[in-house]
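In what follows, chain A forms one complex with chain B and a second complex with chain C.
So, the complex of A and B:
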């Protein structure tokens, strides 16, 4: 029952909801849908030029054109980026959450510190790591020297991509950790007490009590990090701008659409966005199915 | 639960190591910011000789930060305030089912997470509507009531008893008045987190201004820092000062409200 009056007052909630709804439809949902349409045209950024439907030409161009090797590497990079980020970020996030969930001196300070990079944002975090990884004078170079080795870090064709992954995990581990901690705090203490009587402690307690109980947090973290990792490109933009074999699908979409202003290719960029969406969709559905089934099994 | 000594040592060792990974880069940033260029070139990773807070003023002036920072303040305050308000307008009726198809609308709003990147048509549309390279256009594009703040509000409002609405309505309180006078103070824990996460998104946005604001006089501080970075590529002390200037406002804000964040307001309410 709606308590706030009848008649015209009854429509106030909907009227106010229409503002965010309209913004969402016009600037987010609508454009997302229109991407499908754009991907089948030869639209460019040049004003006054007529568009035509070109069928699957953009998709063909994306996969089989002269820069095929680069394009395929972008796709492979996207998948590798997502896989490594999801696995490592959540593993460390969960590990740290379990560690900090127990009484530990100064735990609030540790949590706040691990979350700090999210607050600093991608520009600040990215530039800080460009300083740290400066091959000429950065401290990481000195650290490597101590171990008798060296690297060009973000200017290395082999390693730059993995340093970006490292920075990405550095930035968002605290976010995963925070979600895991909230999950851990919702577990009733007496579960562990009764588990203890049954001989479940240490690893066993984690395996049979903790891990099943935080299934919702695992689901949220996995999905958020899969989607985030596949769609992110601002960190790459800040660290290498796609140089040194660090392009991904998401960065390519941006570059095709905007970055090369004179040759902006809306059709090609949209086709890239659709391929990226296909990955996001497939992984989300598969993981949602697997994780939900695990939640129900309890 | 009793704990063996060795495992306590192990836990502190791990935490200490992780703390180093997070704190050392930031300390290094400060260390470099306090040096002169010559001091940096002589010993890039050595400890700074003395505090040189004047470096901040030099960076501020040379990077022309005063121009950029007002844009950032404008964009961040306006879009955060508007987005939070719209998020409440969207979240309250959906959480309470005061509109039809509440669940469907909720699902519809969360879909944007998975959908294809709207980048290309959005850019095209913005150009057509004359939003390109205008301050209002950029703020309009950044404003929305369906982001993380919305998700958190829905989760939180569901946990607030509905009897409150009925009691207030009985006393003659209208819908809008209820939102502003009663709901607003009530959602404070998630409000703090929502405001911060929204503000972080706008303040730190680098891609949005790169796409939509080509004119330097409209660009925010992130673009300013990036330009500064290109210009003074080897003057790391100045750059470090610039980075710290940009990070400062949010870090200060964060230090005030981080206890809300850690209380799990963020996590508990993000559900699919």
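So, the complex of A and C:
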């Protein structure tokens, strides 16, 4: 029987749903569509300045203009950043989840500690690591000195990008770990008992029981980290502001739109955002397809 | 019935959201009645609006001594005009301020806006295809108020007004003073203890560096992490190696000069020397930490702008320090003057809701007493004939007989120039030991290649 009665009451849920739908259209879907539109214009965002349709000029500028070496490096950096973050963050997250899923003394404390950076947020984490990685007075510099070496860390053209990846993983590993722990805790104990009778223990139990059973958690973690990593700009902004070969596509979008000394180029920034969206979309769809195929049902 | 209800709900939601987003676009959104601007003449204390309460919105960036001055000044202003409340907002001076400036101007949600400099670089006929500076776009779009007729403009030297905030014959801002950044702060005690004099030529400078190194003192410190502070020193080299920077820049556009010319190679070589003789880890020092590095005595000299003298002074009032131009050449006369820029300018938004209050604020700021206090707090070199009893500023006077604009105030870039020539174009931070490029010749060749690639087609 339909639970919402008759007359107005019957249609009220649908009417109420229109409000969030409208908010979504106005504040999310609409601006997204506007970005597509602006990517074909020379809009600067300055009131009173006329803008024009420029066809694919912004996309050409993004990929084939005289600074294409830097632009293409930004794209390559974005992809490398996403690849390393997805692989390492999830590998460490899974390892820590398996460790903490055992009945350890103080496991709740460890879980909270590893999750803490997620709560701290980007700015606090960024400032902490700026101090840690200060080559003149930071603890990392002192540690390197003990081993007879030194680094400029976040000011090194060779290393800064990888230090940012390290900080990103440090910040979000706890998030992946928590999702994996939730997945691990949903595995029925009797599967391991049956496996044990069949001779599956240790690595074999993980390989043939645990890993297939947490496939949904792997899917969620992978997709979230792909999307998050490709869109990352905040931690790069805080740590290096794109200097020392650390520019990514997402940071370029911000710089083109806002942090440009001469003028704001909304058209170019919108084209960059569209390319970024394309990457996110393609990777998400492909990985979702591949990972969902692996998931098993009880 | 259902359709009607849904339509009604949707309409109310849209109206609610549009109302929330729309804000006050018109001139009637505020309690004040701005006077007829532009040609209205002076902003006398009792002119314009009545005693209606208004809020004057000002945006600025964080610069502690200047912010403190303005907090005090705003109190005095509110005492004089009790009906005007001042909302003085400050954010970090990096891209955060650019973002704030852009959004507030776009939303017309400010009355007074600080610009980071005077109007520079001035667009030139010979720089075809160059992007228009953002201040020019704002003026061309009619967003900035013409202050030409205001009495308080006359409080400043006409030449400085002409060179700093005049465009197409009209005054669109009030520039608050000049700064120099082509010199080095030096620790007088360290110099005296080691029998060192302020160097007047490049050879004398290298001797100072050698002496300090032989005594185990780090000669130089740079805020390498933020890159631009190191390039202040490079601009110092440029200002003293080039006889005429403006002519060289024009030549880059018409092809008669190149980034690979001997003068540019000399600048890059000397910049590399500065990096080689900097304290270990200097590329990890951020700009905010640079004064404390200097105050601690860990380095004898740092590259910074004169605007940071008040910060150094407040960090350790007993520290004795001075400032001298980087002697990039062996011609003492060529090295004898500092270069710099017109620093902060105030602009009134044309559609400001409280234009009258903004003009009153500028008029009061321009009164000689208040301006003198500002100059003292900011460390700026004044644009008006005010007496400043500041030993630091007085010590600079010999270097300021002929104030000249620095490279980044003159240079006009080509759109989409590669990273080795982007922005203000000289990027010595790419040189070893800071960066991956080993020799000045390699960097110069790369810069020229990218400059040529960005030439208008």
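In the analysis below, the second predicted complex is superposed on the first by the 289 of 298 C-alpha atoms of A that agree within 3 Å, B and C clash if a C-alpha of one lies under 4 Å from a C-alpha of the other, contacts with A are read in each partner's own complex, and residues count from 1 in each chain.
By definition in this document, a contact is a pair of C-beta atoms (placed from the backbone, for glycine too) under 8 Å apart; a residue touches a chain by one contact, two chains touch by 3 or more.
The structure presented is a predicted model; accordingly, all values stated were derived computationally and were not measured.
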> Does the superposition put A:178 against chain B (first), chain C (second), both, or neither?
Replying inline: first
> In the superposed arrangement, which partner chain does A:8 touch: chain B (first), chain C (second), both, or neither?
Replying inline: second
> If you stack the two complexes on chain A, which partner ends up touching A:199: first (chain B), second (chain C), both, or neither?
Replying inline: neither
> Looking at the overlay, does A:148 come into contact with chain B only (first), chain C only (second), both, or neither?
Replying inline: neither
> Regarding the shared-chain residue A:102, is it in contact with chain B (first), chain C (second), both, or neither?
Replying inline: first
>> I'd like to know which partner A:135 touches here: chain B for first, chain C for second, both or neither.
In response: second
> Given the touch rule stated above, what does A:258 touch, chain B (first), chain C (second), both, or neither?
Replying inline: both
>> Once chain A of both complexes is superposed, is A:69 in touch with chain B (first), chain C (second), both, or neither?
In response: second
>> Looking only at contacts as defined up top, I'd like to know whether chain B or chain C touches more of chain A.
In response: B
> What is the contact status of A:188 with respect to chain B (first) and chain C (second): first, second, both, or neither?
Replying inline: neither
> For chain A, which residues lie in the overlap of the chain B contacts and the chain C contacts?
Replying inline: 14, 19, 23, 26, 134, 138, 237, 258
>> Considering only the defined contacts, which chain C positions touch chain A in the complex?
In response: 1-2, 5-6, 9-10, 13-14, 17, 94-95, 98-99, 102, 105-106, 108, 131-134, 137-138, 140-143, 224-227, 279-286, 293, 413-414, 416-419, 422-423, 430, 434-436, 450, 453-454
> If you look only at chain A, which of its residues touch chain B in the complex?
Replying inline: 1-5, 9, 12-14, 16-17, 19-21, 23-24, 26-38, 43, 95-96, 99-100, 102, 104, 108, 110-124, 127-129, 131-132, 134, 137-139, 142, 170, 178-183, 185-186, 192, 196, 201, 216-217, 219-220, 223-224, 227, 231, 233-234, 237-238, 250, 253-254, 257-258, 266, 269-270, 273-274, 276-277, 280-281, 284, 288
> Can you name the residues of chain A that touch chain C in the complex?
Replying inline: 7-8, 11, 14-15, 18-19, 22-23, 26, 44-49, 61, 65-67, 69-70, 130, 133-136, 138, 141, 150, 152-158, 237, 241, 243, 255, 258-264
> If you look only at chain B, which of its residues touch chain A in the complex?
Replying inline: 1, 3, 11-12, 14-15, 18-19, 21-26, 28-29, 32, 40-41, 44-45, 86-87, 89-90, 92-94, 98-99, 105, 108-109, 111-125, 140-141, 143-146, 150, 165-166, 168-170, 173-176, 178, 196, 200, 203-204, 206-207, 210-211, 222, 225-226, 229, 236, 239-240, 243, 246-247, 250-251, 254, 258-259, 261-262, 264, 266-268, 270-272
